[in-house]
Amino acid sequence: MRIGILTSGGDCPGLNAAIRGVARAAYQTLDAEIIGIRAGYRGLIDGDYQIMERGQFSGILTLGGTILGTSRTPFRNMRVVEEDNVDKVYAMKMNYKAMKLDCLVALGGNGTHKTANLLSEEGLNVIGLPKTIDNDIFGTDFTFGFHTAVDIATDVIDRIHTTAASHSRCMVIEIMGNKAGWLTLYAGMAGGADVILLPEIPYDIERVAKVLDERAKLGKFFTIIAVAEGAISQEEAAMKKKEREAARTEREFYNVSQHIAAQLEQLTNVECRTVIPGHMQRGGSPCAYDRVLSTQFGVHAAKLIKDGQFGVTVALVGNQITQNRLADIAGVPKPVDPDSQIVKAARNISISFGD
Amino acid sequence: MRIGILTSGGDCPGLNAAIRGVARAAYQTLDAEIIGIRAGYRGLIDGDYQIMERGQFSGILTLGGTILGTSRTPFRNMRVVEEDNVDKVYAMKMNYKAMKLDCLVALGGNGTHKTANLLSEEGLNVIGLPKTIDNDIFGTDFTFGFHTAVDIATDVIDRIHTTAASHSRCMVIEIMGNKAGWLTLYAGMAGGADVILLPEIPYDIERVAKVLDERAKLGKFFTIIAVAEGAISQEEAAMKKKEREAARTEREFYNVSQHIAAQLEQLTNVECRTVIPGHMQRGGSPCAYDRVLSTQFGVHAAKLIKDGQFGVTVALVGNQITQNRLADIAGVPKPVDPDSQIVKAARNISISFGD
Amino acid sequence: MRIGILTSGGDCPGLNAAIRGVARAAYQTLDAEIIGIRAGYRGLIDGDYQIMERGQFSGILTLGGTILGTSRTPFRNMRVVEEDNVDKVYAMKMNYKAMKLDCLVALGGNGTHKTANLLSEEGLNVIGLPKTIDNDIFGTDFTFGFHTAVDIATDVIDRIHTTAASHSRCMVIEIMGNKAGWLTLYAGMAGGADVILLPEIPYDIERVAKVLDERAKLGKFFTIIAVAEGAISQEEAAMKKKEREAARTEREFYNVSQHIAAQLEQLTNVECRTVIPGHMQRGGSPCAYDRVLSTQFGVHAAKLIKDGQFGVTVALVGNQITQNRLADIAGVPKPVDPDSQIVKAARNISISFGD
Amino acid sequence: MRIGILTSGGDCPGLNAAIRGVARAAYQTLDAEIIGIRAGYRGLIDGDYQIMERGQFSGILTLGGTILGTSRTPFRNMRVVEEDNVDKVYAMKMNYKAMKLDCLVALGGNGTHKTANLLSEEGLNVIGLPKTIDNDIFGTDFTFGFHTAVDIATDVIDRIHTTAASHSRCMVIEIMGNKAGWLTLYAGMAGGADVILLPEIPYDIERVAKVLDERAKLGKFFTIIAVAEGAISQEEAAMKKKEREAARTEREFYNVSQHIAAQLEQLTNVECRTVIPGHMQRGGSPCAYDRVLSTQFGVHAAKLIKDGQFGVTVALVGNQITQNRLADIAGVPKPVDPDSQIVKAARNISISFGD
């Protein structure tokens, strides 16, 4: 039994823990050989891989990043299967055979799962493992990496809190998440943000300004705003995509946090500053939650291999580790539902979503 | 509308976050007055309380401990309702009336919930909030405080790992949990323990010794053992409770970790050391996960009050915040199931439970 | 005895610990009354202050920010004493008398010390306490706040390391410090940076590019660059200040990290990304080192008051807490010496300064 | 040029950072070959070593423990040179020659330095590097590992603070340090302890009890006591060593914290609990301060080798890295001076030393 593993897309805490979970369970329950494929699908296309030794999975549980390396999607455009893409898919199939793999375990986010599904449809035995700090993979309650990123972003907000209060400033913290606001929502609630702005709930800058004014009336001269990098205003939401992009090019600041801070300084008398923690949100050792989840996900992948169940991705549903068919979840978005219990809870403790 | 709040039992991270959640939601959705009862049920018995101001709930989201103070159960023996207990229950009912409460929110663990149920049966409007680092309250997937304690215990194991490896020692880390092994199980998995010993899975010390010997054969001269303070050997498990207690009194070391370390030093050639992090596992700022969960729990309590739904405790089931009847969960244990998915996952990555 | 305290300039970890040190020592050894002046010198100008109670100094040792609030320098231009400044100085002297202060303790950085010196020259009893994450106050080995900021910036670099390695990228991390590179130097060394760029050592971008190329030859496809926000190129260093500013306005990116990343992407084949942790470097709970140092500094200020020794600022020299005359240190820069032992040590472990 | 390195005594954060510093500077400035000696002097006695490759020093800056392994002193009794010791010294000299070493770098604490001095007197080229969390090596302001241990112990006290306040308890935290109280002093001050008990300042338990009583009078019903594991009472201090040991055997609790807690419960009405964090104080990743110091120490060792300066150990004096003669510092204690500035500062903020 030969199992190929690759990690694809942006790195995220827990990748190594999941790799270790697959490997240890595969060694113990399947007596398998593990093939490590370098730098994501690129390694599968180029035939860049190595046969792993058991010792290589020791001591990696706590390590950030991925020992296998990673790269972004190999395809320029997933929707149109251009000639270039056909060649790449062909190369992946050939290398899968050349490596004599019995199955391929692909750890990644949405892009990774689309490619995994494509390879599955082409007849390869593929199992996905849902990693992403964005928590936006359909069919799983949580992806691994998410809670670590929440911890990091929350720590940033905690630190900013003291500087905001000392200087009586409004601090706008831009948190990762282009299409889904999960990370901003959780970190905002955990960090005690006064305003949370998400891609899923377009904001009205006047309403945000009002929050600052009302807080000032209560003697609170500082405000914490957690904004997802993909947050959009109600005006923008009403535009077509191209119009929106054009409008963004024209405005003074590219980053949404800087744009919002500039607007708020005009609408209120409050000094505004921005913080953009960026890539640090996806780095470093996974938190305990993610280590356990990644391990369970990895072990479940080995179980699916043992059962010969392919074309699926591992998932957490309620308290159970289970799986979904790749065909059912690839490309399906998982946004924050504005009417969900957790958004309502946030509103009930007076957090404004700017709407 | 007057809402009384108390925190009872051992303190745990997230209590203040939950208190803040109840208060902010109650102020916003019920325009209620919050009465803070001092030091748990003791304050209800003694009439020791204060009317809270809104500002008192500011800045407490991130704070460990409880601003209301806490104390252990007011009753010596819950099973037999002695005269003393009758007096105390009577005092609590009288003070509930004297404070003109419309309801009482009690944050605590198993003991707290038993008393909450008793007061509910006596006709008071009671709502429970399940806090405990032990995660052993029936009917909820997780209690708040648990994941913070897992983080802390995992950090301890991480630190011990380097000293274990440098000195080629076996380190036995004793983790809180007398009746339930959840904390040890999660921290052990997250910390990469080689052996995990739980109250729910009696161990055979010879088998644990064998793990050390087998690791030495593979060139691994250190071993990490995570043991719950309530772990028991198979011999002890076969005894009656009194016999077991007598046996424990006779042995050289009271703490299970020290007892095990001494036994392993006799059975193997490996130097063994113990670490007992103790109370630090329940202190300090809650992790992001617990801040969000506590907040959601608190808000849900306010919603239940609004709906006039009493005699219940808040719970997390799957991804939803819901509630259980106090009568259904009070006094019901929630041990780790030895046949559960997570225990099997641990076994599949070669973690030994010593059985 | 009435002691006024104010905190001025950017907030920084340890301010509250130092305030507590002054207050507790003043209460115990001088039986003094403490007057808290709001928002830095602005409070002294406006007469915005309160008599503090002992309890207000409880529980603040671990708190980031400043319980007194802060503001930037009250003067637009320190060099020319404009009419406006004369009025402000007059107001400060009047309020000092109106508050019946026996002395003023001013916690702050370089700007704060210049104003402290000015007030001292005007006849007020002033004692300075050197806080700044920049560590650029002349005459003290370390300022408080510095080591906490080093910890934070190092943690950022640690997290970025895993993402850099996984993606084979060059990560450019922009660390606070406009005029002095201490924070970047220490965090860069602690975080294992390959390149450290400081205001004190102008860099040649071609040499930096060469580091990337040489690492690639050794099979290391990622590089960590720690750059101070005030780092300058050798070309810029040769310009006059106005020319330099004009040149910066013209270039594509304002932030030095983004500018460098863009240049390196042109000069090499390596993908470059930037991280700008910003204000989080000055927030949150002080590290143990800073708590002890702040406390010692605060206690020493109380001792100086007792000894009637004014017109000085507290300092750490070697292992001893001592003081310097404000007149000797105000306005004196304390840059990193390119020939110092620590810079040489960094060079000896192959860290490049791009020169 | 062949340089042997070994780490001896209890492991401590920064060992790997220092090893890396020596190696990188030695490779760069001396083009040396590094020989890693396994498990301290034991490896020198047994000839257990390996020629290191450059890659082995990559990625270890942040790692706790020691990649070389360590062991306690090879001698049973340093004072009497028994026959066994003579044989061991002979073996070390022979292996030094067999390995063709030009010098030996020994990283360790007091025991390590005594042996280093002995080997130096026997004619070997030896350089010491002062590591210990106890900070008790004569002639250096700080050892590496110390500030990391202070951070860890402070974090423990921080966590205990919330539980102490919530339960109105006295918490007695036992901190490492048998002969020297530096770690307890610094962590106690950083953690806001009310009482600090050190080996250097014998305590009177009645005075400690009085602190609890006086705090209760002020409405503070909790107390934090930081006690060094080697703290002694005034009664014990008056005894001869054998008497003292006999007295300790008789008392109910072996650990000083438990002994003190039991005594205080008898003398006061306050509930007391103990926490003994133990080995976790010496584990895990070094803090930024220690990473920089260790690196500088390592680089300085390489410089001493280049200069042919042997029979010395590296030291921090004031702000400079320098060296002391092994003969001058080996076996010389470095206790906390009860009359030092820092102890006085602690007293001035009302910390009691129980004397």
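Think of it as A, B, C and D in the order they're written, each chain with its own count starting at 1.
We take it that contacts are C-beta pairs under 8 Å (C-beta built on N, C-alpha and C of every residue); 3 or more make two chains touch, one makes a residue touch a chain.
The structure displayed is predicted, hence computed values, not measured ones.
The chains touching chain B as well as chain C are A, D. Residues touching across the chain C-chain D interface largely coincide between the two copies, over half of the numbers being common to both.
Taking each chain's centre as the mean of its C-alpha atoms, the one that lies farthest from the centre of chain D is A. If you average the Cα atoms of chain B and of chain D, the two centres end up 35 Å apart. A straight line joining the Cα centres of chain A and chain B is 31 Å long.
Averaging C-alpha coordinates per chain places the centre of chain A 43 Å away from that of chain D.
Among the residues of chain A, those touching two or more other chains are numbered 158.
If you check each pair of chains against the touch rule, the ones that pass are A-B, A-C, B-D, C-D. Taken together, the chain C residues at the contact with chain A in this complex read 7, 10-11, 15, 39, 63-66, 69-71, 152, 155-156, 158-163, 165-168, 171, 273-280, 282-284. Chain contact summary for the complex, chain B toward chain A: residues 20-21, 24-25, 28-29, 61-62, 141, 147, 150-151, 154, 158, 186-187, 189-192, 287-289, 291-292, 295-296, 298-300, 302-303, 317-321, 341-342, 345, 348-350.
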